[in-house]
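Shared between the two complexes below is subunit A, which pairs with subunit B and subunit C, respectively.
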Partner chain A sequence: MNGNDRNTLIYRFVITLLVILAINFFLPRMMPGDPFSTLSSDIEGEDVIIMTEEQRQYFIHYYGMDLPLHEQFFLYLANMAKGDFGQSIYYKLPVTRVILLHLPWTILIVLSATAMSTIIGIIIGTISARNRKKGSDRFMMAGLIAFAEIPSFLLGIILLLIFSVQFRLFPLAGAITPFAHYTSLLDQVWDIAHHAFLPIITLSLAQLTGVYLLTRNTLITVSTKDYIRTAVAKGIGEKTVWTRHALRNALLPVVTRTGFMIGLMMGGAVLVETVFSYPGIGLTLRSAVVNRDYALIQGILLIVAVAILLCNLVVDRVYRQLDPRVTE
Partner chain B sequence: MHSESLPINRPFDISFLQNYIDRSKYIFTLFSIEGKIALCGVILIFMVALFAPVLSVYLPDKITGSSLEPPGPTHLLGTDELGMDIWSQICYGARMSLVIGLSVACIAGLGGGALGILAGYLGGPTDQLLMRTVDVLMALPSFPLLIVISAFMGPSILNVICVLVLFSWAKPARVARSQTLAIRDNTYIIAAKNFGGTPVYILRRHILPEMLPILFVLIISITSYAIVAETGLAFLGLGDPTSKSWGMMLYYATSFKAIYFTSFWQWWLIPPLVALVFLVLSLAFIGRDLEQVLDPRLRKNGGV
Partner chain C sequence: MILLAVNDLKCQYHTDGHTVNAVDGVSFNIEPGEILGIVGESGSGKTTIAISIMRLLADSASVSGTVFFDGTDLALLPETELDKIRWKEIAIVFQNSLEVLNPVMTIADQVIEPMIRHGMVSVNEARARCADLFLLVGLDEAWMDVYPHQLSGGMRQRALLAMALACNPRLLILDEVTSALDAFTRKEIRDLLVDLQKTRGYSMIVISHDITFVSSLASRLLVLYAGRVVEAGLTRDILNGPRHPYTRGLVHATPDIFIYKDLWGIPGDSPVGDRHKGCPFNSRCTQSIDICRKNPPLLQPCGESREIACHRGGIAMLLKAEDLRFSYQLPDGKALHAVNGVNIEVYEGEVLSIVGQTGSGKSTLAHILAGIINPDKGSVRFMNGNVQGGTMGDHFKGVQIVFQDPFSSTSNRFTVLDAVREPLDINRIGSPEERLNMAREALELVRLPSTGMFLKKYCGELSGGQRQRVALARAVVMQPKLLIADEITSALDVSTAANVMRLLKGLQNRRGFAMISISHDLTLTLKIADRIAVLNDGKIVETGNAHDVMLTPSDEYTKRLVGSRIGLCCHEHTNGEHDFLRDESQHYPGDANV
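Let's look at the complex of A and B:
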């Protein structure tokens, strides 16, 4: 619970980051095929030859793929330290540019979904903890658990079929209306929100139940504590007891979970973005894998991993702020 | 308690298995209504998978009708874009899902559990090494890595199973280790040791009976994880193209151009979707009920 604890935390993050860097580097290089022989074919064994052998050798040399593997690795680490993730072979742009182009969309849906599921989860968790003896609570719990167990991309397909295909309330694909001319800023914000709505709902529904159950269960545990009885006996009113004494203590595990959740969502977003053809980082990762775009895959994996680790560090910080017992 | 018989040199005794059968019968009576329905659902899907050739008239990968026929008397659920029967694809797809789910869960659950017990029992550097590996594995972003690894290993069922095992053994290992540590220093274990109980005897007689129910719950949740992950990979186009899994059906249906502007999705997309949601939900409810039945703390509170 002190500096030592903190050191092990950072030490673990460094190790994890190194492992990811190593996997990042070696794995794509062991994939079958190379980026110059499979450019427009998904079928294995069917190489579409669009360049001569000389040209191929030239490009392999140009991208430094003829160097010994360990030299490539050190070069990679050095470039990584400079923030240079290499060149995307498919998009013909620096990897950093490609990622920056798509990352905002993923951040938009992941952060909105996190905020939404956390806030709604805490609210219904509190309501449910206060009514826990009633039948309505049991009904709500069973329903929410069912929602949580449906994998997010299947839920996404269901929502897409109902709201976009059947009722035509939301767009089928994309993040903005193509070739749209916005008359005002409000118009543009509305268009983006309209496209992002279903992906955000899908991601938050998948996480909502976790927050809900955690809030509910910790609140129930906390409400049996002595200090709650003291607070009630003081006569400060039920509402104050719940918000200032019970909820504040019950929120600690919820905060820890939120950081963990962002990581999970980044992973889930890959599939959800595919369902809604949402042009975030997940859809880009998919096209990178299909096109064997090594540098882009590495860059995306690294960004996702670093994002998850950063979230954990931030959560650690917030936790220390919230819980005066954990001091440095 | 230990002096009445000398089971140390006895071969693996079968009464302990009979005991388990009796206990599972008892456990079933403790299930909630949802849990009982879920168990019937999983058994139903098992039957469909087992009797797939009997239940379906056509082979799932043979062209038996015209393209995109709506449901009718010849093709129960219609056909896909190549004219293959969708009902038989569902039947054979159940095999894929169950084989992948169960094999990943058994290998990862039992293998991870064994490693965890070993680490907990031996302690020292073995334990340290295992736990650091588990820490790193659990911190990795599993799904993006899963995508890349399976793209690199090539899309065969065996590879998918290997990759999924790689990412799911960490949790059972950690749980088994902490359980072993919690049990290891109990006085009854020390007593058994002092009476001359060998490590194998202590493991079989004291540690395994405590561990198996917990591992079993984990195995169910890994089954569900593996089925979903396989579906996800197939949905991204990283599944085995020669197999007809439910995920592959979703993949082919959703990559069909403009499927949402036609009515094809009604019989092409919905059946695998319903089948998957049903299977995953059933497994989840079974897992939840088992957990409540096996964990006495949860049972007392009436399932908080």
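Let's look at the complex of A and C:
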């Protein structure tokens, strides 16, 4: 990559980021209501504070929301430039802190789910491709496609009902046991894994069919290529042909897909985290939206958008490493 | 001892409900150290043979027949056993394409892979051996660690060759190795292969549509058409005297062999797909008979180490003249032996040129062959009938002649339509309507207008070129099997002559009739002739393939003829032109007024 290309790439990123910032700013404000006119809370058992008009005006002024919209926007941009994400109205904490508190949980389940669905998807995709048109292939295809049609939140609820409610194998909510005192690090890790298991499974299952189908179909296409015939002719054995020659080539699109999926799953985590009351960034976003917590919505959306951008960048890099045909 | 024995190999591809017979009963043997060539046009099943030997066909293809390698039937081996033979014993240089090498592995990795797998070398030695192979095929070591897409076509071909040689196989299959190469590289690869065969004693199967390349390597040839072997034999025999009409077409369409001739391919396309009932070449053959449409011919021995699959036993003889003699009485009572003991044979679909200077007896011979004049002695037989009596011109599929001078061969007072229709009228062929249609078709064939205005024109109004075409149409309308063209361009200017000659050759090629072209113009003759017979003083002094006669004339007279005609333009020596002029004034005084 020469300097010119690098500059173009940076310009593109800056422009994309500006567009995202603008959308992040205006979109929440286009929703009806404001942070101080919430009349009821969706969260049960929470005290609902009904403010007087006077109090409301005071807060609006306090948070600078009585300024003209464009001034607010430029102020917001200026603060962003300084790395100041603002103050969460609901949590009464800096947005950065709120995000830092919840982001790790999301990253944990998203990355685990990605790794899990990708590895399992590739394995069963390969098995399916090698047994193409045989019973096992048809069965897996039909089963997984049907499975993919179940929405992830529904799947989550079903899993929750079966494994947590019925068999009491997994906790119903949360990321850790509240007020727990861990005796060892292993104990802590186990607790976290125990809580994260069902969300990870739900997210993985939602991704699995995509990876499986892509692996299977790419492998089938690749297996008809001339270089596979060359490899067979070399007498290197069926296993080597499939792994070193076929799979190595078939994985290229799978890698691309996986990279993009990480970013998209950050957004998709909202539903799954809600179902499992998992305190990740998705659940936080939901409450921020309900409470019209503008600064927090902006912050989370920005993090998600940046994550997607970063993933694209990483995929690009990784692909260059895997496929020598992509020009440097 | 036989290294590879392929017996009755049949391969079918099944796609969307229909079946393609890619290979249809092919058998051949290869001895150790032998180079066998397989030629045929694209789609003839060459590559399928190659990959089915190594059992590389897709699952959707079905294969039958046996392939014995060193006494083992490869079809019965389980995959694991087969893998021990693949590349170690039999390696293949695949047809060059970007897809044939793994795009995400370096060249060296791909060359080394089979070496290590087959236990040829240890991992540490592999790179050194790979470098040796690179050196052997003339590829710089620097290219070892690049990816296939970074190589040029020629380099990739060398890399493929290096890969095939990695395990020192006993049998090397080369599939279209030169199709993507320029002439220099092609020759280098050829020399390398010859060298490898000599030093390492590989057996090879060289598969290509490039008959020149295959012939330069292989001692034996199989000619493949639509998945069947149509002719097999020693390379030099097949090149010098192709016996199957298809082989002849292939050889004649090869510019490296017929360097002077214009390029004319075999008309039509090879049958694709469905099982053909009769001979697969039937639709393009010039000598097809009833049985050719019903049963496929079997490959049968004919002569020493030669096999041919043709119901007619190969290219059939059309006309045979034996010991023809004709003399003119001169006023002083002496006899001029214009034709003095001529033996001549004309085969189906070929162009035989009879060349000689003016007064050598060409036209007299032409008239005898057409049955217009009777010889004093000897006989002319045309498809088992006697030509004498002029009965060969009165029906379809007979003999027709076109004369030198169009102004006297067609009447000035005939309209174009009358002139073309006349032979049909005289011989009472068809209804008046049919005759009109046939005449129109004939005019279209010779690229003349076939509509009202032109049909009503009198022949006297036409130009020389047009009139010669009318004369041609007159002959073509009778759908001859043999057309005798007697100096038909000598009365025309250069450009018109060129047009008429190309038209005639095109017609001959498309309609598949045989032709005797009589000319004193050697250069023009070489553009169309398959064979040349040189006539001097009423005798045929030399006959042979056009290129042989041209390049290596054996008779003194032919040498002079060749020298006089071609010398003018080719000699760049200071005195070349003068030589020619002097020669001509000495030897050919008569030529000046032709």
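To be clear about the criterion, the second predicted complex is superposed on the first by the 290 of 328 C-alpha atoms of A that agree within 3 Å, B and C clash if a C-alpha of one lies under 4 Å from a C-alpha of the other, contacts with A are read in each partner's own complex, and residues count from 1 in each chain.
Keep this in mind: a contact is a pair of C-beta atoms (placed from the backbone, for glycine too) under 8 Å apart; a residue touches a chain by one contact, two chains touch by 3 or more.
These numbers were taken from a predicted model, which means no experiment stands behind them.
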{"item": "Clash-or-fit label for the pair subunit B, subunit C on subunit A", "value": "fit"}
{"item": "Contacts of A:R286 with subunit B and subunit C, given as first, second, both or neither", "value": "first"}
{"item": "First (subunit B), second (subunit C), both or neither touched by A:R12", "value": "first"}
{"item": "Of subunit C and subunit B, partner touching more subunit A residues", "value": "B"}
{"item": "Touched partner set for A:R229, first subunit B, second subunit C, both or neither", "value": "second"}
{"item": "Angle at subunit A between subunit B and subunit C, C-alpha centres, nearest 10 degrees", "value": "70"}
{"item": "Which of subunit B and subunit C A:E149 touches, first, second, both or neither", "value": "first"}
{"item": "First, second, both or neither for A:L186, with subunit B first and subunit C second", "value": "neither"}
{"item": "Subunit B versus subunit C as contact partner of A:V270, first or second or both or neither", "value": "first"}
{"item": "Partner chain in contact with A:H245 - subunit B first, subunit C second, else both or neither", "value": "second"}
{"item": "After fitting on chain A: smallest Cα gap, subunit B-subunit C, Å", "value": "7"}
{"item": "Complex interface listing, subunit C residues touching subunit A", "value": "51, 54, 56, 58, 79-80, 82-88, 91-92, 94, 97, 99-105, 113-114, 117-118, 147, 149-150, 163"}
{"item": "In the complex with subunit C, residue positions of subunit A that touch it", "value": "224-227, 229-238, 240, 244-245, 248-249, 252, 322-325"}
{"item": "Subunit B contact footprint on subunit A (complex, rising order)", "value": "12-13, 15-16, 19-20, 23, 27-28, 30-32, 42, 44, 142, 145-146, 149-151, 153-154, 157-158, 160-161, 164-165, 172, 217, 220, 263, 266-268, 270-271, 274-275, 285-286, 289-290, 297, 300-301, 304-305, 308-309"}
{"item": "Subunit B - residues contacting subunit A, complex", "value": "34, 132, 135-136, 139-145, 147-149, 151-152, 154, 224, 228, 231-232, 235-238, 250, 254, 260, 265, 269-270, 273, 276-277, 280-281, 284-285, 288, 304"}
